[in-house]
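Each chain carries a letter (A, B, C, D, E and F) given by its place in the written order, and its residues are counted from 1.
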Amino acid sequence: MSATPFDKAAVLVEALPYIRRFAGQVVVVKYGGNALAGASEDDALQLFAEDIVLMRQVGMRPVVVHGGGPQISDLMQRLGKVTEFRNGLRVTDSETVDIVRMVLIGQVNPQLVAAINVHGSLAVGVSGEDAGLIRATARDPELGFVGDVESINPTILQALLDDEFVPVVATIGTDELGQAYNINADTVAGAIAEALGAEKLVYLTDIEGLRRVVSDPDSLIRQTTPDELDALMSDGTIAGGMIPKVESCVHAVRNGVRRAHILDGRIPHVLLLEIFTDEGIGTMVR
Amino acid sequence: MSATPFDKAAVLVEALPYIRRFAGQVVVVKYGGNALAGASEDDALQLFAEDIVLMRQVGMRPVVVHGGGPQISDLMQRLGKVTEFRNGLRVTDSETVDIVRMVLIGQVNPQLVAAINVHGSLAVGVSGEDAGLIRATARDPELGFVGDVESINPTILQALLDDEFVPVVATIGTDELGQAYNINADTVAGAIAEALGAEKLVYLTDIEGLRRVVSDPDSLIRQTTPDELDALMSDGTIAGGMIPKVESCVHAVRNGVRRAHILDGRIPHVLLLEIFTDEGIGTMVR
Amino acid sequence: MSATPFDKAAVLVEALPYIRRFAGQVVVVKYGGNALAGASEDDALQLFAEDIVLMRQVGMRPVVVHGGGPQISDLMQRLGKVTEFRNGLRVTDSETVDIVRMVLIGQVNPQLVAAINVHGSLAVGVSGEDAGLIRATARDPELGFVGDVESINPTILQALLDDEFVPVVATIGTDELGQAYNINADTVAGAIAEALGAEKLVYLTDIEGLRRVVSDPDSLIRQTTPDELDALMSDGTIAGGMIPKVESCVHAVRNGVRRAHILDGRIPHVLLLEIFTDEGIGTMVR
Amino acid sequence: MSATPFDKAAVLVEALPYIRRFAGQVVVVKYGGNALAGASEDDALQLFAEDIVLMRQVGMRPVVVHGGGPQISDLMQRLGKVTEFRNGLRVTDSETVDIVRMVLIGQVNPQLVAAINVHGSLAVGVSGEDAGLIRATARDPELGFVGDVESINPTILQALLDDEFVPVVATIGTDELGQAYNINADTVAGAIAEALGAEKLVYLTDIEGLRRVVSDPDSLIRQTTPDELDALMSDGTIAGGMIPKVESCVHAVRNGVRRAHILDGRIPHVLLLEIFTDEGIGTMVR
Amino acid sequence: MSATPFDKAAVLVEALPYIRRFAGQVVVVKYGGNALAGASEDDALQLFAEDIVLMRQVGMRPVVVHGGGPQISDLMQRLGKVTEFRNGLRVTDSETVDIVRMVLIGQVNPQLVAAINVHGSLAVGVSGEDAGLIRATARDPELGFVGDVESINPTILQALLDDEFVPVVATIGTDELGQAYNINADTVAGAIAEALGAEKLVYLTDIEGLRRVVSDPDSLIRQTTPDELDALMSDGTIAGGMIPKVESCVHAVRNGVRRAHILDGRIPHVLLLEIFTDEGIGTMVR
Amino acid sequence: MSATPFDKAAVLVEALPYIRRFAGQVVVVKYGGNALAGASEDDALQLFAEDIVLMRQVGMRPVVVHGGGPQISDLMQRLGKVTEFRNGLRVTDSETVDIVRMVLIGQVNPQLVAAINVHGSLAVGVSGEDAGLIRATARDPELGFVGDVESINPTILQALLDDEFVPVVATIGTDELGQAYNINADTVAGAIAEALGAEKLVYLTDIEGLRRVVSDPDSLIRQTTPDELDALMSDGTIAGGMIPKVESCVHAVRNGVRRAHILDGRIPHVLLLEIFTDEGIGTMVR
């Protein structure tokens, strides 16, 4: 690399106040399947793992939350399972929720765990079924096992964090009978950040950040507030897949999470840059 | 049920010395896919879960270890994946190990966790990849990702047990590069029992117990020793799928585990009967 | 015994939810001298000790409180000590309180402690004089050293419970000068249950339970409330020696103790049956 | 009192090095029934209690051990119980051991506890039956329930000391069946001092100290060793009731107790003088 | 010394209730440079050190605070540094505050620490700069680096007390830029006593105590209140160098410190006499 | 600065393995008065403070040790104190040791503490007199109060490190009478590193590192061993003021300190570069 020793020292010194500010703080990071198009997927995962390990190592308490939409679709297709729609919404029947569970808990989650654990015995995979972490309720009987978060029991996460592990959460929930539900990972990330009293909630996405005018790259929002985001959702500026992320940011910041961020996961080491440098990255809500 | 109040009190009093003896002790239970033919599978799982919860509740520290052979074969078939054999042994290529991982971590493990957690937020699913639990090495390059246990790092299990959780372990291991391996679950159960200094190692099987003469039901072995088991394996009396179980029992008892048991998982609540009553069940090694 | 293995398992499973519900909870048991006529006294004591040990072993925190009326009368007689009465009430002079103290602390208490400790080093005898446990005031100067409970300092009980011992309490109290007083053991049991925030307060008596109509065995009260008991004491249905027990139940339930029970101590293992089975036994106040 | 302020300060300063040296140390004090003839019994008990409380308050961990010979004889007589002798030794039948137990646990022990607790909730009475403290074996079947110390389980004493209580021990032991035995209190004091790794073992007696020549007051032994004491017992200089005390001193000092003392309990506050001042008092063994 | 054994015991017993009352309590002692004229300075320091060690040893938590006016003047003079006055007040320029710092932290503080540590590894010197203990603000820009206490951060003192050390505090404060300030030691002592929730605040002075009539030795105030002291300051009875002491006593007692004392440091062991005996010494505010 | 975001991330990632390796490790840094000629003194001190704070913040446990030769000479001169020599060695009389103490504890130490504490309440000044940290013996009676390290009692340092403070040590020692001695700071740094079982011992000097040929800049020693250093001292290659440093490095590495470093303190942030980057700096001994 081209940095001189002087540059190196300067970067470390620049990081110092951030390291101090975030020592011991919980940071919930939602890792998105689509988030990392700027590099090959494997490389992206490795860079992401390095960021998480560095956060842990300097004393932060990162929690990773992930979904796995593309991988689910892929296995559905391989198994010849056709998605049924009712009133335009996907129906998650019993077989589908089993597939979702297999992919999230048995495929995506161990990939993340393994990538982090190349650096040490740090990461522990957790599903929402473990120790009653995510209690779910059916959103609509017609949709089958699509669930909403009813409550978060963060005991297992607290225990793992206290033992200095990095929890990696697959977003399956259960109802009181032990039935599994598929739950939106963006929503779970926000709910967990609230339940843990997190300092930060970070969404890694495949966009540069939120914009005030969708078509205008210069309208990138650096800092915003829950109120402005409410307005942007009301007038349709923010729409589609960003809604659960933005709603979760708004809800989390209004319920004790200090800051929420929407970052461009395609930038290598974007987490490090956001957290440990003076660079302005993505959109921050506070 | 037909027990009188006097009977009930007698059963509880009979259990007392066992409850005292096993308080705080680790018991590793290998739950086998074939073990529970005496009842419908769901019922068997529920009965098993009740046993584990009761063990936990009276102060024991149960650890569940499971494989999932039949479920793996089932998914392989559904995905049209044909198993390749080399020199008569199944080859586990990269795609196969991914399927094994999905089934063990994403299907069988959460079923066990969910069944236990109907009784409270007790069980936590753990894979051998979590926090470096199972370090594996390739058995034979020709066989692909079939691994042997190189070492067990029980830190995550100890942490969960100290926090009063019930770990449920899926037997995937990793090498130092993070590559996943499929590992025999019977062997893992024994290795974990040793690493935890367990009081007991229990295999739930679909046989009544070991026999001295294979064809003679009256030759059921109630108690035996590692030396006798060595002899029975040498002369071929014990063979086939029982070998990894019996070898693990022998190794474990020689390395600090007090007692190993081969029980008939088809008997309802066989764990409770073995542990908390004076009934003689299955085969005990010490 | 006649229970089948299936019965045995069923009894243990029936106990499971109760074991879970009462884990870590304090249960104060008043052991009455007259309570156990259904068996020879020694046998009764052994059965009682087994019940207490089993409660302890599954994680409950039992506290035993006892009096010793018959044994006191016996020693009084042997020493040729004639009880003086004033206005129809027994006078407890200095010599009498010394006799009471000898019997309760030096005879009855060690018998209970020894019976429990056959099962392990669990029980520790405690008198109300130890570490200021029971602070007493004279009820009436004319009656001498008959005391009422002024306050309970549960420090020594908490310490012993935290160290996993079973306290066995002899109901002698002291005033601030160190003078000993004889105190009604039923009343002390209730006061200790309140001071410890007990889950349960249990009186072992020689009656089947309370009745709504004294002469009618069919009028046994299964469940009742403090208000109903107030009424039954007002109209004289409840009278005599039951008054301190019932008053203590009422007071305790109104001051944070979840449930109070009046059980028939003549039934073998009545404590186990009440606590760990679905059987309905005696009278419960809540 | 006649001490000037300057004197007072000097006494406190004189005490300083002793307070420092003994902070946190266990001191086992055998309180003898005959020890305090120089004052009325009540006064003697009060002075003794003050000494124990002061020791506790400056950070020492005193343990009081007592017998109660005269009080036992007194109750025997009042109950018209005649002592049987066999080969010249007193036979302790079942009724006698019950009387011994009543007196030690129910009369002498609470008197000591009450005297100390006038100064705060400090003392807790303990019998050798509590939590298996003193395990006894019969000395000779012909003598009935006269026991020797088989082993000491100091768990309950450690627990009480850790909770900053002052244990007061009545010297009743039990065998594995829960049968009570009467045991020599001097011997118990030594055994407890060893089991606790005490800094000091102190016997309060009614003599000035040991003498090298029985008839010569000038031959008082200030300091001595186990070897010299062995010799003095061999040649008969030390005899009678002093034998158990001296044997215990010798055994204790040879097994890890730093110093043993035989003090004249008739001197007011003799414990304080021995421990906190430069005065030479009684006989010290090291 | 002339005290008899009986006297000695009496002094120790007299101390007992005080030892009990003050166990675990924080006592802040302001040690004044002029306080000890009744003895040679070295002797005075040794007596003071003995008092502090004894307080620590019996379980109190003493904190020593000191200034060093005479020693500062002496070094100023040796360095030929002339004090500048503005409007009659001494100006503390940068060079002067460096000299103050050297004397307080580098000369007076280690003398106190060394005197105490002759008795063990107890004392630890602390300056107001350590761990941000004393945050200061400039009193008046014209006066230079003369500071007032802005806030006390007692973390380092709590940590040292919890580790059973005796903190000895030099009264230098710093502002947020790390600039050192000279601060009145009497005021600091009061502020630290408040911040620690001290039981006592003690000023060792060279007067017998406060007087109601300055010229009348018989008007010595034994006990007083903040209100009376306010009045005595208003009418000029209390004036000069006593003002910071008396103001601090008044403020401290009004803010949670139980008692403040103005003692005559010329009396040998005056701290011991005040704290551990019934003697009436100096002036007490409550 | 000129580093790009990509550079910044690369520097942080480069630091990651070092952060992990040194987490929780003690690093003793000897800060030399002459070490920082490459910048104005104040700037150098600020850079040094930033390095120490960053080390602390990422989980290392730095301990700073300092001397103060130039500052001592300066005050000696200002006070007109002439150094006496005997046999060519400087005599440290009583007055001189008082001056040394004032300078080290009262001038240099608070400057270092203040510089670090600009970043938070982290640093705590400690002298070797505090809590008996440095026990000294006279090197030679003729030389007065020049001491050698007799022993290190690291209790106070351990306590401060456990409470997450940064100890800054002034190298004054005391003998058992409390007499202060001046001790070579290089030697103290090594002795403290050994006593704490430090991972690293670092000397900040004003040379680039050790050379194999004094006159040849190209002979800079990157890595060396105790044996080679012994040889280089024997043949005179290493001489003068480097001797105590090199001897301490040799002794420390032979007694459990993993690595010792001689670094060029004139390089800005040389500590960060050595510890957190792959740059090769100065001379390392292992």
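Keep in mind that, in the parts below, contacts are C-beta pairs under 8 Å (C-beta built on N, C-alpha and C of every residue); 3 or more make two chains touch, one makes a residue touch a chain.
On a predicted model such as this, the values are computed, not experimentally measured, just so you know.
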item: Fraction-based call for chain D against chain C, same above half, different below; value: same
item: Centroid distance [mean C-alpha coordinates] between chain D and chain B, Å; value: 56
item: Whole-Å gap separating chain A and chain B, where each centre is the average of the chain's CA atoms; value: 34
item: Length of the line joining the C-alpha centres of chain C and chain F, rounded to whole Å; value: 69
item: Rounded Å distance, chain D centre to chain E centre (Cα mean); value: 45
item: Junction residues of chain D - those touching two or more other chains; value: 120
item: Overall pattern in which the protein chains touch one another (line/ring/star/complete/other); value: ring
item: Residue numbers on chain E that touch chain F, as the complex places them; value: 78-79, 98, 101-107, 109-110, 113-115, 117-118, 120-127, 129-132, 153, 155-156, 159-160, 163, 165, 172, 174, 177-178, 180
item: Complex interface listing, chain C residues touching chain B; value: 1-3, 5-16, 19-20, 23, 50, 53-54, 57-59, 119-120, 267-269, 272-273, 276-277, 279
